[in-house]
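Pasting the structures in now, so scroll down.
First chain A sits with chain B, and in the next complex the same chain sits with chain C.
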Partner chain A sequence: MMKKLPLEQLPAFLKGISETKTLVAPVEKGGQVNFDLWTEDSTLRLDVLKTVKSAKGAFFPQVEDIVHFQMQGKNIDIHPAEVLTEDFVLFGVRACDARSFELLDRVFLSDPTDPFYAARRAHGTVVTLACNRPEETCFCTNFGIDGADPAGDLSAWMTEDTLYFQANTEKGAALVAGLADCDDGEITETQNSIREILNKLPLSNLNLTGFEGDHLKERFDDPRWEELSRGCLGCGTCTFVCPTCQCYDVKDFDSGNGIRRFRCWDSCMFSDFTLMAHGTNRPTQKERFRQRFMHKLVYFPSNNDGIYSCVGCGRCLEKCPQSNHIVNVIKTLGVKEDA
Partner chain B sequence: MHDNIIPMLGVVTDIRTDTPDIKTFRVEGVNGGKCFEHMPGQCAMLSVPGVGEAMFSITSSPTVKDYQEFSIKKCGCVTEWLHHMDVGQQITIRGPYGRPFPVDDALLGKDLLFIAGGVGLAPLHSVINYVLDNRSKYGKVDIVYGSRSKEDLLDLPEIQSVWADPASDMKVHLTIDREQEGWDGHVGFVPNFVKELDFHPDRTVLVCGPPIMIKFVLEALTSLGFEKTQVYTTMELRMKCGVGKCGRCNIGDKYVCKDGPVFRFDELDELPAEY
Partner chain C sequence: MIVNRLQELLQDDENLQFVGWEKGETPFDRTPKTFTAETLGNLCYDSFCGSNLSKYLLSQKTDKKTVVLLKPCDSYSFNQLCTERRLNRDAYHVIGVGCKGKIDGEKIRKTGIKGILSVREEGETLKIETLYGTTEIPRKDVLLDKCLACKGKEHKCADEVLGESEDTCVGDKYETVAKLEAMTPDERFAFWREELSKCIRCNACRNACPACSCIKCVFDNPNSGVQNKAAADDFEENLFHIIRAYHVAGRCTDCGECSRVCPQGIPLHLLNRKIIRDVNEFYGDYQAGDAIGQRHPLTDFTFEDSEPNAERKGGGK
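Right, the complex of A and B next:
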């Protein structure tokens, strides 16, 4: 049974959640909309389709401490950082970002499980929101994602005056237990209108057949990487806005009062990513560019039942200063040559 | 629950200067004994908090009961710091990581040929001593080891007194790159030496050294009639997590930290040539 909430009651609904749990939602700060802590004073922006950074930071923060050290002479005290122990709600996640959590799960929850990520996943409740106005840069449909039917613990649809909820898990149901019941049919019109837009989007029908099957080395050796990567600045913007990029660095910081070992997002696009004392195995931007897309379109699927490590959110299309993005790669290499 | 990325404490109980730029560090738990059990070819993350953490192959054999040893060449931030520390220093350690050499599987009963260059002896050292301690389980053993000069030969006292001792039933073939006073052994590069020694291609080979040496050793072995399926090596790439998640050591659909570092050459053929 679906639930509904008049939109004018949304602030009170969110306040109710925030009284017992940390609430993270798309809020505007300094002119940018990102997933951040929601308080009564926040500017909630459910109208903005794409936050600048994806929602992955709720589970895989940009920076997080993993261990602290105190040094005394030749001795060291080790204090592992605490894992999250409190529940939180991540509100307003779009279908593409919701799928990205499933992809991140395949990395961080596979053996051996990452304790920090696992704790956040266990304590987080994901509330998704259908995409009323998919944009031209959206290409989620290519990856079997339906912007009209987002996953998560609780899915939501917004009309002009009402929010409709469909619980997919017990955690999700608990959030809306107090709301009024309604008929499933009330969102049909909204869903149809979303799907109509999705079908018309210019990038909704990309050809990915070239990445299917076992052609790892052929794809790697393709001479067209040279041209595709030309102009890539190695700025890493694509990686930092990407919901599925999960590479990280581990660094030590001497705070003057002990040493913090933290991990932070990193990018295979950076020249020092694989740099060792004797040199690097990816000496030019071509190799680094190739690595990022080979990983998303060939290596990750090879290890994960053929699932691509891209959700078609389109953030990199908007943010790459050179327009050297994954859609170019797919359009160039995705077509089967012998077809 | 934290133990795959949170390190434990280790104490450096002995430091041996092997060559002008290689030292061997003995590491024990704070209450004595090994920090963990490992198999030959596996690695561990050592760190000096505030300096950094890096992956090293475990040099000692699992048959050593009380400690683990790491032969480390001075070449970067962490290694530089390690080379300057004193006995009694605590460090952090986590592991073991990676797939070991198949000592209890594909190598059993085989005639073995170890080929090492420079500090590349470090990971093979663990296997050689494991084989020595389980000598009856393996066939003939030959060790070809070369370095730039006689001073750069790692573990020379142990090589001469233990491995080259007839009691070990192993043959040792040493070489250095250039003529040197006080050296009456073989002079020349490892790949050529391997060819000169003309090993029968029924050996199972374990090779480790600089990438350029490995490349030419493989050519030498091929010319002697060896197949890639008989040759194992161990790889080194930059690593941060050690558990296949941070993405640094990703080559093709493999993560060197967990799918390697030991690979058979026919397995490497399946991967992009990006190592």
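Right, the complex of A and C next:
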């Protein structure tokens, strides 16, 4: 049974959630919309489809402490960081970002399980929101993601004046238990109009032939990486806005009388990525660039039942300073059907 | 027109390589590219070519002569890189390309226009076709910030100039700097804290900056002792930007790339512009990249130099 909430009651509904749980939602700060702590004073921006950073930070933050070493005279006290023990709600996640959590799960929840990530996943309730106005940079449809039917613990659809909810898990159902029931059919029209736009998206039908795992060597050795990577700044914007990039580095911060060991997002686009004693095996930007796209389009699917590790959110299309992105790679290197 | 001229140049020297922009997937995609005689037809120059090709030249050095398209603002960066001996002037045939201001796709999106399929210029109006219908917007409302503070349409370095330019500068470019100066230290601190706390340390500002041309940045170097892949705390978050602003002091041409590329919309250019304004005030007007071979006031010495530390204390006057 679906539930519904008049839109004007949304602030009160959110306030109700925030009284017992931490609430994270797309809010505007300094002119940018990102997932951040919601309070009554926040500017909620459910009209913004793509936050700058993806929602993954709620489970895999950019920087997080692992352990503290503190000098006490001649002894060193060791304080491992604690995992999250409180519940939180992540509100307003789009279908692409919701899929990214499933991809991250495959990495962080497979043996050995990452305790920090696992605790956040266990304590988080994901409320998704269907994409009323998909944008030209969206290409989620290529990865079997339906913006009109987002996953998560609780899915939501927004019309002019109403928010509709469909619970997919008990956690999700608990959030909307107090709301009025309604008929499933009430969202059909909204869903149809979203799907109509999704079908019209300019990048909705990319040809991914040739990126399956068994073409690994061909794709790796393709001479066109040289040209594709030419303008790449090696900046890491694409990586840090991406919902599925999952690499991290472990760093020490010397606090004078102790060490704070933290992990932070890393980017394969950086020159010191996975630096080893002998140096690096990706000496130029060509190899680094290739790594990012091979990982998303070839290595990940070949290790994960054919699932690509791009969800087509299009953030890198909007943010790459050089307009050098994954769709260029797919279109350039994909095997043309007539070939 | 530009491509025709470039083809003419090929008749004298078929070994030329060309540096310009190429159209991509979205209406705004213009990727810096290097072209040969065969691929030259793909070169494009239009109102979306906001990126500065001067820094890109550093990674495109070959033994061939390079023909490069430079906008007026890009020409300052080119000169500065030649002054710093990172580029050799003789290796380039510089085509100064006219500029009527470049369009900022992000600004169009921020107005709420979504699903943009194409953008057509009709005089002072942009006709925008979207997934949700057609709409119009005045061109001048969505120019890049750097174009609103344009240094002028004269190419400071060019072997030839193609195309027309139009003035796009509006108002006083130091207006926001003056506002920041007028704040109390606490207000100013709060302003920069809010802005810099948005930083995701993607390094796009640094990597796009033509004045940041170190082969290995200290912040990337594990042996430097200050390697900084992510800020561990607020202090480190600020530090990167302030060190960077000081490192480019006197060499920053105010090209605006840092703010243009920042995915979080941080107005980084204001840090540099503040320093430019102070340098001008203390040592007389100076524009980095005005000509090749200049000595900038911070690396030069004259007996008449002012002593800012003696004249000003603690940020006050």
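Before moving on, here are some points about what is shown:
FYI, the second predicted complex is superposed on the first by the 327 of 339 C-alpha atoms of A that agree within 3 Å, B and C clash if a C-alpha of one lies under 4 Å from a C-alpha of the other, contacts with A are read in each partner's own complex, and residues count from 1 in each chain.
The criterion applied here is as follows: a residue touches a chain if its C-beta (ideal position, glycine included) is under 8 Å from a C-beta of that chain, and two chains touch if they have at least 3 such contacts.
As the structure is a computational prediction, the values presented were derived from the model and not from experiment.
With chain A as the common reference, the superposed partners chain B and chain C fit together side by side. Geometry note, superposition on chain A: angle between chain B and chain C about the Cα centre of chain A is 90 degrees, to the nearest 10. In the superposition on chain A, A:249 contacts both chain B and chain C. In the superposition on chain A, contact of A:174 is made with neither chain B nor chain C. Using the contact criterion defined above for the overlaid structures, shared-chain residue A:80 touches chain B, although it does not reach chain C. By the touch criterion stated above, A:335 is placed in contact with neither chain B nor chain C.
Once chain A of one complex is fitted onto chain A of the other, the partner contacts of A:275 extend to both chain B and chain C. In the superposition on chain A, contact is made by A:31 with chain C only, not with chain B.
By the touch criterion defined above, A:302 lies against chain B but remains apart from chain C after alignment on the C-alpha atoms of chain A. Remark: least CA distance from chain B to chain C after fitting both complexes onto chain A is 7 Å. Residues common to the contacts of chain A with chain B and with chain C across the two structures: 249, 251, 266, 275. Residues 29-32, 34, 47, 49, 52-53, 62-63, 133-137, 197, 200-203, 230-231, 233-237, 239-241, 249, 251, 253, 260, 262, 264-267, 270-272, 275, 285, 317-319, 321-325, 327-328, 331 of chain A are the ones that touch chain C when the two sit in their complex. Touching chain A in their complex are the following residues of chain B: 1-2, 4-9, 49-53, 75-76, 79, 86, 88-92, 236-238, 240-241, 243-253, 270, 272, 274-275. On the side of chain A, the complex with chain B involves touching residues 66-67, 69, 71, 74-76, 78, 80, 83, 107-108, 110, 112-115, 216-217, 220-221, 246-252, 254, 259, 261, 263, 266, 268, 273-278, 281-282, 287, 291, 294-295, 298-299, 302-303. Interface of chain C with chain A (complex): residues 24-34, 51, 56, 59-60, 105-106, 109, 112, 114-117, 130-132, 194-195, 197-198, 200-204, 206-208, 216, 220-222, 227, 229-233, 260-261, 263-266.
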